[in-house]
Amino acid sequence: MTNLKIKDNPDLFVKPDVNGMREYFRNKPLKMVNKVTTVKEAVEKYVKDGDYLGVGGFGASRIPAAVLHEIVRQKKKNLGLSGHTATHDMQILAAGDCFNRCDIAYVVGLEARGLSKTSRKAFESGKVKAVEWSNAALAWRYKAAAMGIPFMPSRILLGTDTAKYSAFETITCPYTGMKLAALPALFPDIAIVHVHRADVYGNCQVDGIMISDSDLVRASKRVIVTTERLIPHELIRENSDRTVIPYFCVDAVIEVPYGSYPGNMAGEYFSDEDHLQEWLEAEKTDESLKKFLDKYIYGVKDFNEYLYLCGGIEKLRKLRNQEYLIDTNK
Amino acid sequence: MSFNSMELMICLAARNLEDNSIVVVGTGGPCAAAMLAQKTVAPNLNILFEAGGLGPELPSMPISVGDSRTFHRAIAATSMPEIMETCQRGMVDYTFLGGAQLDMYGNINSTMIGTDHSKPKVRMPGSGGANDLGSLCWKTMVMTVHNAKRFVKKCDFITTPGYLTGPGAREAAGLPPGTGPFKVITDLCVMGYDKDTCRMQVESIHHGVTKQQIIENTEFELLWAKEIKETAPPTELELKILREQVDPLNYVIGRAG
Amino acid sequence: MSFNSMELMICLAARNLEDNSIVVVGTGGPCAAAMLAQKTVAPNLNILFEAGGLGPELPSMPISVGDSRTFHRAIAATSMPEIMETCQRGMVDYTFLGGAQLDMYGNINSTMIGTDHSKPKVRMPGSGGANDLGSLCWKTMVMTVHNAKRFVKKCDFITTPGYLTGPGAREAAGLPPGTGPFKVITDLCVMGYDKDTCRMQVESIHHGVTKQQIIENTEFELLWAKEIKETAPPTELELKILREQVDPLNYVIGRAG
Amino acid sequence: MTNLKIKDNPDLFVKPDVNGMREYFRNKPLKMVNKVTTVKEAVEKYVKDGDYLGVGGFGASRIPAAVLHEIVRQKKKNLGLSGHTATHDMQILAAGDCFNRCDIAYVVGLEARGLSKTSRKAFESGKVKAVEWSNAALAWRYKAAAMGIPFMPSRILLGTDTAKYSAFETITCPYTGMKLAALPALFPDIAIVHVHRADVYGNCQVDGIMISDSDLVRASKRVIVTTERLIPHELIRENSDRTVIPYFCVDAVIEVPYGSYPGNMAGEYFSDEDHLQEWLEAEKTDESLKKFLDKYIYGVKDFNEYLYLCGGIEKLRKLRNQEYLIDTNK
């Protein structure tokens, strides 16, 4: 259908083929049907080796941890990864050796918490092909894709080595003559996001900041949503200006309470900093990491078991106190 | 009243934030500086976080730029595009950035150490929002410890633009005119940039620090302002607020000796 | 059961909407057709309004594309960019457009009558969202009365692209491939477009209408499908639902004789 | 500061001078202070003859009617107007002969209600300079401005007479080679919008659809907000993910209950179709229009008097019933 000759650039992992994507979206089943499934089935069905993956949330805030674990458990390989402030999410995928190429905005670090040795090794060994971008660059690449345009003009990246090791073209503005970075639309094969509320059809509502998830889910070919709770469809219609993701973007819905653990979920639970430190500790040697993964990921059948191993409902209760700034010493 | 180098840097950074202005910060020292400024010189400073928090009443130091503290009782809980577009539109006065290397034009490396990008000696986080904020905000500040490994002749990798190769270079690259590095606050001194050359220039030296010490801890040649003052030390009030209200758990100010 | 021409057109339009598809409509006939389709052939049809309404449970005929009915108990109350971008992304199957003039390629004029744009004989509303929807949705439908002033050889002004000058012209202009005019439903007949020439082609003729009547009421030369059927008239059930549930106040179906 | 040579095109009423606008926004007072004023003062202070005006809402839904009346009452002249589904708003401004140039998406009509004779005459007489766009084009032009970029790529307008009488440039995508319409950023001098709730600083929340108001207020040099009700600042902070306009975009805030009348306000009151018909009727002759305007606009001192003339609280109570779908015959 599309006769466009899209520029060949091996560093452009996903081509901004808006015409091809229009055909894809046209043929995607847009039926509003019950899409509730299990994490296991969703990953089996929608995440393929070699896929390009976009992860919702921000590092360790509102991340789809259950799906990330399952990707590791199912030993998915050679994924492309959008490193849009990828912190604990990248740490999980690096531990599973799941990706071999990465569009980098923020990687290997866990912000103030430290650096993930496994993530670093993935890049320092040369095993993962790295292309440089920035948080805004990836956010606007999603936005261009969500808008159905092949690129978004911007005023970032210019003049730096980040640009030299990136994969964007510069253009001249037809009105002002100014130089602009034309950020190519980024259409992930699969997006995984975690939300506060969803109905069985995949209509989703989120409290607090959206980060880049609105654009990410609209940009992606397939979307897996995990939700703190399933709610009646009626409640979506009663608060329709809170709906941030419409059903037709979504392929699979799974109810995963505490699904962002050990990450933070606004209004629900704070991040488990102790367990995140345990992760960082475990990465010190290959042996300790293997043991850790065997215990928490490979050795459990699902995320519920992981939550129990980490302290279960009692631990999550405490994290809720922390989220609410309630002094737990009393 | 004694204080450590982190406390000093935070107090100095806070003083550089004008009231009624807007700043985008990350976690750690810069966030502490913005919080301190709100409680001292800039009660109406608006703090933004790149993941979407806009004007929160910060109940404690955030751990992540996207955690729920960053939009606690906020004016608006928005999105990353919203914050970045506010910057690109020209409404954000300040940002704070960090990095492993800085050169004399204020260019910053937070990407890698080494010469082979495909197999770096040390891989660091990369830009995150740094390139965006350093490109789009009006004034970029850096808070960092001062040593020759950090203040280098040439960055292994320029992640975020300072003045690039000097006067006019940002504009020639296509970056918004009038933006760029503003202050560098270290444990030894406060530096600005010389207007004509765009090079880093010492403006004030902290009590007990010698010029020679600064020279030895800087790989490139620094410029020196005509009048170099001794840095005014943190006041008792600043320290009290910082310790009791901004960072009572010593989360940030406990890091430096 | 007797019916007027507006009722006929609405019923025919409704039948052309596939279940589980997405349609952007305006007010009036097209909205009635979409509502009727939801109650007959396409219970899971998702109706969008360009001002932001997405999937409402329409309690009555909206008066405006932006009034509160258009997002009454909606799936999402969004924005104009959101709806237009959903179209540009390729997710919207159908739209309905109207206009004062149509040519044989389905190009539509809703801007002006006359030859001088700076001083038009008759100024009409202009594109509104028509150019956007006609450019971006996969299939564009038109419901209109049939006369030679409306079906013209040459539009005074092409507001919204049909097939422009014929095969390949949309793509050459830069419009998304595979999009374009789909059906024209009038009070005389139902027309589609010939694949090879992109020209308007009669597919079925309404009961009691002659071929000659259609020719006389069309300024340009029409194509005729190999097999031309008589249009299947509205069923009793369709009319009942239309009159009792879709438009009980005769807001739309009261307009035609 | 900006050395850009911006292409000269007389049909481009507002230049996409992103550098100049950056300087403007930098120097705009961004202080969070009490901005509450009167409609009269706000229009005196912020709307200048010759300004380019953007109006929020959609035709006769959530429109800043009080400000529109005041612009007429103060006899502002030679405005530029963004005709982004301008229906009753344009009818008001045309009655006052307030504008002489217009970027057209949708004009002169009142959707299903009919055509405004005054608005038509403004164009048919050649008095108003008309440049053609579309609803999405103006929406995306606002968005480009709100994003701080000089243009937004798009796939609309191409191939038509709308394009011939428009003022955009076409560009070639550097990735796909496809032709795109580069829509120039639109920075109005003044935006006027009506919202459900605002605090005294101008932080605003809206129920239901946003139409294009988020982008419009971010794109504009000066912003006047009217609000159904002023609310305590605290309530903004308690529902911060409902804030759609932050204070720093806003110059003036005025509490105008029923401020969208005779237009619709979601969840508050339906449009007054009888009064809108009265408007259309009044336009039949110059005399009847003059009489109508003398009665409803020139002869009243403010919007409150207008509301009273139209039936006052009792009428507005009925329109609330209608909005709520409550049968008023009982």
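The chains carry the letters A, B, C and D, assigned in the order they are written, with residues numbered from 1 in each.
We adopt the following convention: a residue touches a chain if its C-beta (ideal position, glycine included) is under 8 Å from a C-beta of that chain, and two chains touch if they have at least 3 such contacts.
None of the values given here were measured: they were computed from a predicted structure.
Q: If you take the chains that touch subunit B and keep only those that also touch subunit C, what is left?
A: Both subunit B and subunit C are touched by A, D, going by the contact rule given at the top.
Q: List the centre-to-centre spacing of subunit A and subunit D in whole Å, with centres computed as mean CA coordinates.
A: 38
Q: Could you give the separation in Å between the centres of subunit A and subunit C, each centre being the mean of its C-alpha atoms?
A: It comes to 40 Å between the two C-alpha centres.
Q: Could you give the separation in Å between the centres of subunit C and subunit D, each centre being the mean of its C-alpha atoms?
A: The separation of the two C-alpha centroids amounts to 28 Å.
Q: Mind pulling the residue numbers of subunit A that touch at least two other chains?
A: Residue numbers touching two or more other chains: 18-19, 148-149, 154-155, 178, 180, 207-209, 240-241.
Q: What parts of subunit C, by residue number, touch at least two of the other chains?
A: 71, 77-78, 81, 88, 136, 176
Q: Viewed as a graph of touching chains, is the assembly arranged as a line, ring, star, complete set, or other?
A: Per interface graph, the chains form some other shape.
Q: Give every touching pair of chains, nothing left out.
A: Pairwise, the chains that meet the contact rule are A-B, A-C, A-D, B-D, C-D.
Q: State the interface residues of subunit A toward subunit C in the complex, per the touch definition above.
A: Touching subunit C from subunit A are residues 1-3, 18-19, 21-26, 28-32, 145-149, 203, 218, 236-238, 240-241, 243-244, 246-248.
Q: Please name which positions on subunit A make contact with subunit B in the complex.
A: Subunit A reaches subunit B through residues 57-62, 83, 85, 87, 104-109, 111-113, 115, 120, 123-126, 129-130, 132-137, 139-140, 143, 154-162, 165, 170, 178-181, 207-212, 214-215, 264-267, 270-271, 273, 323, 325.
Q: In the complex of these two chains, what residues of subunit B are touching subunit A?
A: Going by the criterion above, the answer is residues 26-28, 50-53, 59-60, 63-68, 70-71, 77-81, 84, 88, 107, 111, 117-132, 135-136, 155, 157-161, 164, 169-170, 172-176.
Q: Of all residues in subunit B, which touch subunit D in the complex?
A: For this pair, the touching residues of subunit B are 20-22, 44, 46, 54-55, 57, 71, 73-78, 81, 85-91, 93, 136, 138, 176-178.
Q: In their shared complex, at which residues does subunit D touch subunit A?
A: 4-7, 12, 15-19, 148-155, 169, 171, 173-178, 180, 182, 184, 206-209, 240-241
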